[in-house]
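Input: structures, listed below.
Look at the two complexes coming up: chain A is in both, with chain B in one and chain C in the other.
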Partner chain A sequence: MAMAILPELSLLTAVLAFFVLSLSKDLNSEQIKNTAVGFGFVTLFCTVISLHQQASMFFGSYQVDLFTQLFKLMIGLGLFFVLIAGQNLKDIELSVRPEYYMFFFLSCFGLMTLVSSVELITLFVSLELSSFALFLLVPMRSDQQGLRIQMEAGIKYILFGVIASGFMLYGMSYIFGLTGTTYLKDILPGLKNVASQPAALFAVIMVLVGFFYKLALFPMHFWVPDIYQGASNETTGFVATVPKLAAVALLIRFVLLVPGDAHILITLLIVLALCSMFYGNLIALVQTDVKRMLGFSGIAHAGFIMLGLLTMEASGYATAMYYIVGYVFMNIACFMVLSNVSQQGENLAIEDLNGLHKRQPLLALVLAVSLFALAGIPPFIGFMGEFMLLTGALRQGYLLLVILAAVNAGIAIYYYLSVIRAAYTTDPEGRPDVQIDGLTKAAGVILMLLIALMGILPSRIVALADSAVRAIM
Partner chain B sequence: MDSLIIKEGFPLLSFLIFFPLAGAVVLLFFNGEKFARYWTLAITLITAAFSISLITGFDTTTAKFQFAEVHNWIPQLNIHYILGVDGISILMVLLSTLIMPLCILASWRYIKTRVSQFMFSMLIMEVSMIGLFTSLDFVLFWVFWEFMLIPMYLLIAVWGGPRKDYASIKFFIYTLAGSVFLLVAIIALYMKTGTFFIPDMMWHHYSMTFQILVFLAFFLAFAIKVPMFPFHTWLPAAHVEAPTAGSVILASVLLKMGAYGMLRFCLPITPQATFLLAPYILGLSIAGIIYGGFTALAQHDMKKLVAYSSVGHMGFVTLGIFVLNIRSVEGAIIQMLNHGVTTGALFLCVGMIYERTHSRELRAATGIGRYMPWYVTFLTFFALSSFGFPGTNSFIGEFLILAGTFQANKFLALAAIPGAVLAAAYMLRMLQKIVWGGTNNPDQSYLKKHDLGIREIATLAPLLLFVFWIGLDPQPFLDLMHHSVVNLINQLNFIQQQAPHVASAFMR
Partner chain C sequence: MADLLFTHSYLILLFPLLSFVTISLRPVQLSPKMAGRFAIGCQGLSMLYGLAVAAAYWQTVIGQPQLYPARSLVCFDLAWLNFSPTLTANMGIFLDPISVMMIVVISIISFLVNIYSVGYMKDDPGFARFFALMALFSFSMLGLVISSNILQMFVFWELVGMSSYALIGFWYQKPSAVAASKKAFVVTRFADTFFLIGIIVVSFYTQSFDFQTLNSPETAALLDHTFMLGIVPINLLTLATILIFTGGWGKSAMFPLHIWLPDAMEGPTPVSSIIHSATMVVAGVFLTARMFPLFAASEVTLAVVQFVGAFTALFAAIIAITQKDIKRILAFSTLSQLGYMLFSLGVAKMVTGIHPGAEINPLGYSAAMYHVFTHAFFKCMLFLGAGAIIHAVHSNDIMDMGGLRRLMPKTYWSLLTACLAIGGIFPFSGFWSKDAILLAALQSGHYIVCAVGLATGGLTAFYIFRFFFLTFHGRARSKFHDVRENSWMTFSIMALTIPTVTAGMLEHLFVSEVTVPGLAYTPNFSHPLWLPTLASLAGIAGISLAWTFYGRGRTEAAERCRLRIAPVYQVIYNKFYIDEVYLFITHKIIFHGIAAPIKWLDRHIVDGAMNLIGEFLQQGGKAVRLLQNGQLQLYLGVTTLGFIALLFLGR
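And now, the complex of A and B:
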């Protein structure tokens, strides 16, 4: 029993440990850092050993199966790399670092329980647990320029987040009203009985909106640029990556609930996917702040993931899982570079990366690999994911969508290339060298290998994702 | 899979792909400048030596793909790792492997900064070139096709000239944007056939609309790579700014990828669309030949001159391909080799001048014939070869293409003739200025001591050998490709006979 929720227990232990640490008077930054990375490793280990657990607990509201455990493994991996990538927390005051990590782990705990929740109330509580902890991380950035942009970002994040939760609760109330239950397994047949009613579809779409917000899909993307820019580099590295895994997990769960004729939902997803891609890519073209640019690129990638969901079949969902995990690795690699290149934790403009190939060759390589991967250049995972998504969508006959998505890949290359150009073809012009420790080096190499090898040898991972999706269908 | 001759034992093609890759990985860890140069030279020489053994094992009596290797890659989508060469691709592979050591030699002193990174990019380039010409799975092909942009981008953007940013980004975006539809076409073909294995996609009776759409997607991607008029605008910029070795690879191998793509994909996969649209492409080819000739005539920058001459020469290649008879297609393939040898050599020559005078202006290089006899000897032969002087390689190629064209359509052949005349005009103009110049030549006497060194002679001599070898005895080269070309054209004619209504639209 405890074996099945080992990762969650490990995260809770971490939360408690940091709570205790936050009571201590003299804080040691090394000690805090090592504790955090250590707990990250333990959690990762726990997710690995509990991968093949099966359980249903808490009166059936909490499900443990291959689908949930695979997502927890991905969250564990993401969490571990985010911790290493942002281990220095340059822009967070030492006095609040224990609290920072406490909320950090609490948010991860929320995400893990979220993917296991199969009952609406549990699900909502998990979602809010993970979201509110995240809301608190954003304003913890120290106020460097006196502009209090981190406060602005924090407030925006909360307000948009609460609105999205509102939509979701509204949808859930419809679901409960139509079916009289909050258990997903009973909702599915319940909604089938009322499939002819527009309310059924409306309810599911309202719930999806809440997760669109997490994934930053157009039109629920408004929070992205300002929060990315206002939060510290390390926090953005977390906000931009790990929560999106859980969002995709829940999107898959709820798309499966759609009753009867899914035409309207598919049309909606197609429109949102295209808007997201064009909006994200076109606006990213003119960004000068690297984090903002990555934010808009994230909106475009969210659109791409919809290509997997709107196929409405297991292989499409599996591809979406494959793509999002690739996206998370690529983005963590980018943010690792940003966090380390930034001297005092300030935001970086593209020209701040000038001459990176001299200042820190390994990071320059990591950046180039991850950006080429994000741009969908083979043989990296970004390409293979994109290719499989396009194949899946074309198999369903969405030719125009596939063509427009392919065009987007052509647009996107420009802004990724401009960052690579800065890192590889310019001179440092007096910008200081970047020192990184052994752990960061190792993580950088591993991330590069993951991005390359998962792209070259995708069949095992996709097969695993496929069987995971079939476990809940 | 019956179009394959699977080779048991040593996987030669995989070796050719992965050996340079292994060499590149070593360069990540040991990056002394001197070591990087010798190491890369050794790796490329060994790869070249192994590629020669392709010829000895090659069966010239069949059109099947040889040295084939088949492995599962992504079973969910029926994607395999399939390599193999036929008479067309074996020549391209050899061109790539043999030109590489020369490029390394040419960059020996030219590249002074970030040497090991340069050599790394060169080796990665070699990996993707060989991979591209040997892949028989469309996804594998696409991987190499796109991946190749990265090292080429870096070669131009890092070691390029003053406008390297503009040139490299234009190159990257132009090529990538051109090939987005290619990816869609590949997936669409997979939906029709259920396989990514290229020979299994060929000679199907797809509907005409489907064929036309797929053909256009193919054509856009390949025409940009060739480059065909009017998609050529990235080429002069990229050539002028790239370092010598980059220009050579660009001219000798990259441009061939476009023409190779047309031969390998457009003709066999969408034959009816090819018949329907060939007249338009022939028109573009003629336009490219004339346009390239006139523009080259107006250039003051030697590199630009050679670059625009490429547009003209590649116009001949596409002309030969889309005339669609055995003679012209063989001529086109020979011309692909010729262009690789001759234009590559001309870029090397321009690079050697640039290393000495630090200018590519024709004006700054006038009258050096008096002081650099060795250099102008080589230059003269390559220039003669470039405009198809009898006895040199290009004569054979252009003659075959024009003979084939004449057979198909006399007016078309007549229209292409001015291109050959223009080529003579711009090449002789350059030669005249460089060798003799006029009465007001700049003082070039300081070049007296700087005639070609042994390394430079060793770089140019093999190319000169091929100029005369292909020029005087082209039969071995034609033998290699003959069965593959005959098979291609016979299948095409077979399809044409089955659909006479389409055939009637051809060549009007």
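And now, the complex of A and C:
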């Protein structure tokens, strides 16, 4: 029993530990950092050993199976790398660091319970738990320029989150009204009975909106660039990656609920996917701030993930899982570079990366590998994910969609290349060298290996994801 | 013995990979000198192994036609990806006449260019990095040619593109080199997008990535149906093959995607010699040959290949006449020769009714592959020679050179053989391969293309000897200091004269053994004597004309002639302003026309509203008023309304 929720327990312990730490007057940044990374590692370890657990708990509202545990493993991995990537917290004042980590782990805790929730109320509570903790991380950035952009970003993030929750609650109320239950396993047959009513589909789409927001899909993406820019590099690295894993998990759960004829939903997903890709890629072309650029690129990638969901097939969902985990690794790698290159935690323009291959060769390589992967260059994971999503969508006969998506992948190369160009083909021009510690080095090498090897040998991972998806279908 | 060689044929790839990993990650401290030696050693081992595999292939596969009727062999096969129960991709090594030929070419040239680079890159701060990247390139290029399926080929295809990108921009201190590398990558990547779509479409219908399956008649029959896109009827086979060919179109830099290749000359000269003339740019030709049976099944595709090739052959030769930069002359010459190879593949499709009962003339295929082979050596040597000259006189402009014959005698005599070869003079290698190409065009009934080939031959002889006379003959037109031949460099240049002079002997081998897979072949190599005579005359005419204009290093006659046709000359010299057209489209239309307005909207409408809020925040504590400000509601309202609109759209 406790074995099944070991990762959650570990995170909860971390939250409590940081709460206690936050009471202490005499703070030591090394100690805080090591505690955080330590808890990250323990959590990762817990997710690994509880991978094959099966359980149904808390009156059937909390499910533990391969699907949930696989997502928890991915969250655990993401969490661990994010902690290492952003271990220095340059732009967070020492006095709030324990609180920062407390909310950080609380948010992760929310995400983990979210993927396990199979009951609407539990699910909503988990979602809000993860979101509100996240909202609080944004304004914790110290106010260097006196512009308080972090405050602005925080407020915007909250308001958007609230709107998304509003949509979602509204949809949930419909679902409850139509089926009289809040358990997902009863909702599916319940909705089938009322499949002819537009309200059934409407309800599911409304709920999906809440997760579109987390995934930053058009038109729920407006918060992305401002929050990416306003939050500290480390926070953005977290916001941009780990929550998206849970969003994909829940999108899969809810797409499975669509009753009867799904073609309206599919059309909607196609439109959203294309809008996201074109919007994200075209604006990213002209960005100068690296974080903003990554934000827009993330919108485009969210569009790509829809290609897997709209196949309405286990293999499509499995590919979406493969793609999102690849996306998370690639992005963590990028943010690891950003948070280390940034001297006092300031935002970086593309030219701040100039001459990186001389200032810190390993980070330059990490950056190049992850950007090439994001651009979909083989043999990296980005290419293989993209390729599988495209073949999967074509198998369902969406030729035009596939062509437009491939064209987007072609556009994207341009802006990724301009960052690589800055890192590799310019001189530092007096920019200082970047020092990194052994842990960061090791994490960088591991991330590169993951990005390359998961791209070259994807079969096992996709097969695992496939059996996980089949477990909940 | 042969089996053992085949089983471990992955070693051909492994040596360069080892070299790349070792030099770039430096687990042990290597001095630059040691890194160079190590790279050469690995490259040498790869070459020896490649040659051994080629010999074993010759003995086992070609020697026993009853055992290997298709002349091909998959000697390494590994399950790789499972897309669905019916669609899987393997990782394999596929040996057939063209892949073995390419292994030989690539491994020999890589080895020689690596030796050359020791001299050329001496004292360069990026010496070790250079050898690491060259090893990465060799690895990817060898992987490309031995791929047993199209997905595997695509992976290596992009790796080749990446190493080319890194090597063009090798001297990143030069802004022009950086711009060129980006241009090369973006243009080829643009073409590859279509290639990828083609792969997806073909694999979807055929449920296979494997070349042997894709090239079977069943695949062609399966794909050969027409559907309507709106009111336009589209043949799926034609669409798919053209999409795939587009990848080769970009990689082989055919018009109008040729713009990246001349700029790519900003890279170090050894890079230009191996990547941008001898091997990587022929990947497009190789792809067309690899997929030839499928391409040939379509009515239109080979005609497109033929037209694009013939046009580029002539177009680039005309531009080459006017260029002054030594490497750009050779770059346009490469374009022109690649055009030859492609139209040769194109003319393998016979004009209907010229030979009743035959549709495919296998000579076109063999001739194209033969020209790939001969061209690789003599063009590589021309580039290495140009590199030696640039290294010696520190200038790229042929107008600054002249009189180098006495200063660089070894280079002079070696380059003379290469110039005669590319000029199509008997008995040098280029004569034979061009002869085979022209003969194929004639046999298949493509008389116009044959005439274009002849004319281009004359132009080729003219521009290459213009380059030759202006560099080596006459008196020096500027002051040179300390011109010396470097022995590392001259070794490679002189070694390349052997194939340049003798490859003509291989003509019958290519015609009889390097043939279209799955086609019952009837060798028909009877010549009308007037064809080689005419070709030779065109070549000699070109050389004579070059001698009258530029012999003994004079330029006055040419200058007078240039002034007389100044406007036309300007247009040609500026490469028909194709680059400017691209710049207009990408910069004016896409950047300023589409992306910038969207960004403006984002910055000013969306952000403007946000900045306003920021202002208020700065004044402090007026959060309540902020919420009633109206702007944010608008902002959120857009989201809500947009979503509702999409809901309706979804219906």
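The rule we apply is simple: the second predicted complex is superposed on the first by the 473 of 473 C-alpha atoms of A that agree within 3 Å, B and C clash if a C-alpha of one lies under 4 Å from a C-alpha of the other, contacts with A are read in each partner's own complex, and residues count from 1 in each chain.
Everything below uses one rule, namely that a contact is a pair of C-beta atoms (placed from the backbone, for glycine too) under 8 Å apart; a residue touches a chain by one contact, two chains touch by 3 or more.
Being a predicted model, the structure only gives us computed values, none of them experimental.
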Let's test your reading of the overlay: on chain A, do chain B and chain C clash or fit side by side? clash
Between chain B (first) and chain C (second), which, if any, makes contact with A:Ile403: first, second, both or neither? both
Thinking of the overlay built on chain A, is A:Leu217 touched by chain B (first), by chain C (second), by both, or by neither? neither
Of the two partner chains, chain B (first) and chain C (second), which one does A:Leu447 touch, if any: first, second, both, or neither? neither
First, second, both or neither for A:Leu274, with chain B first and chain C second: neither
Does chain B (first) or chain C (second) touch A:Ser459, or do both, or does neither? both
When the two structures are laid over each other on chain A, which of chain B and chain C touches more residues of chain A? C
Using the touch definition from the top, say if A:Leu21 reaches chain B (first), chain C (second), both or neither. neither
Of the two partner chains, chain B (first) and chain C (second), which one does A:Pro225 touch, if any: first, second, both, or neither? second
Examine A:Ile205 and indicate which partner it touches, taking first as chain B and second as chain C; both and neither are also allowed. second
Find the residues of chain A that appear in the contact set with chain B and again in the contact set with chain C. 315, 372, 377-379, 383, 387-388, 390-391, 394-395, 399, 402-403, 406-407, 409-410, 413-414, 417-418, 421, 424-425, 458-459, 462-463
Sites on chain A touched by chain C in the complex: 146-149, 151-152, 155-156, 159-160, 163, 167, 202, 205, 209, 219-220, 222, 225-226, 264-265, 267-268, 271-272, 275, 279, 282-283, 285-287, 315, 372, 377-379, 383-384, 387-388, 390-392, 394-395, 399, 402-403, 406-407, 409-410, 413-414, 417-418, 421, 424-427, 457-459, 462-463
Flag every residue of chain C that touches chain A in the complex, lowest number first. 79-84, 87, 151, 154-155, 158-159, 162, 166, 169, 172-173, 177-178, 181-182, 185-186, 189-190, 192-193, 196-197, 200-201, 203-204, 591, 594-596, 598-599, 602, 606-607, 610, 613-614, 617-618, 623, 626, 632, 635-636, 638-640, 642-643, 646-647, 649-651
Complex contact set, residues of chain A against chain B: 315, 357, 372, 377-379, 383, 387-388, 390-391, 394-395, 399, 402-403, 406-407, 409-410, 413-414, 417-418, 421, 424-425, 458-459, 462-463, 466
Could you list, by residue number, the parts of chain B that touch chain A in their complex? 73-77, 114, 117, 139, 142-144, 146-147, 149-150, 153-154, 157-158, 164-165, 168-169, 172-173, 176-177, 180-181, 183-184, 187-188, 190-191
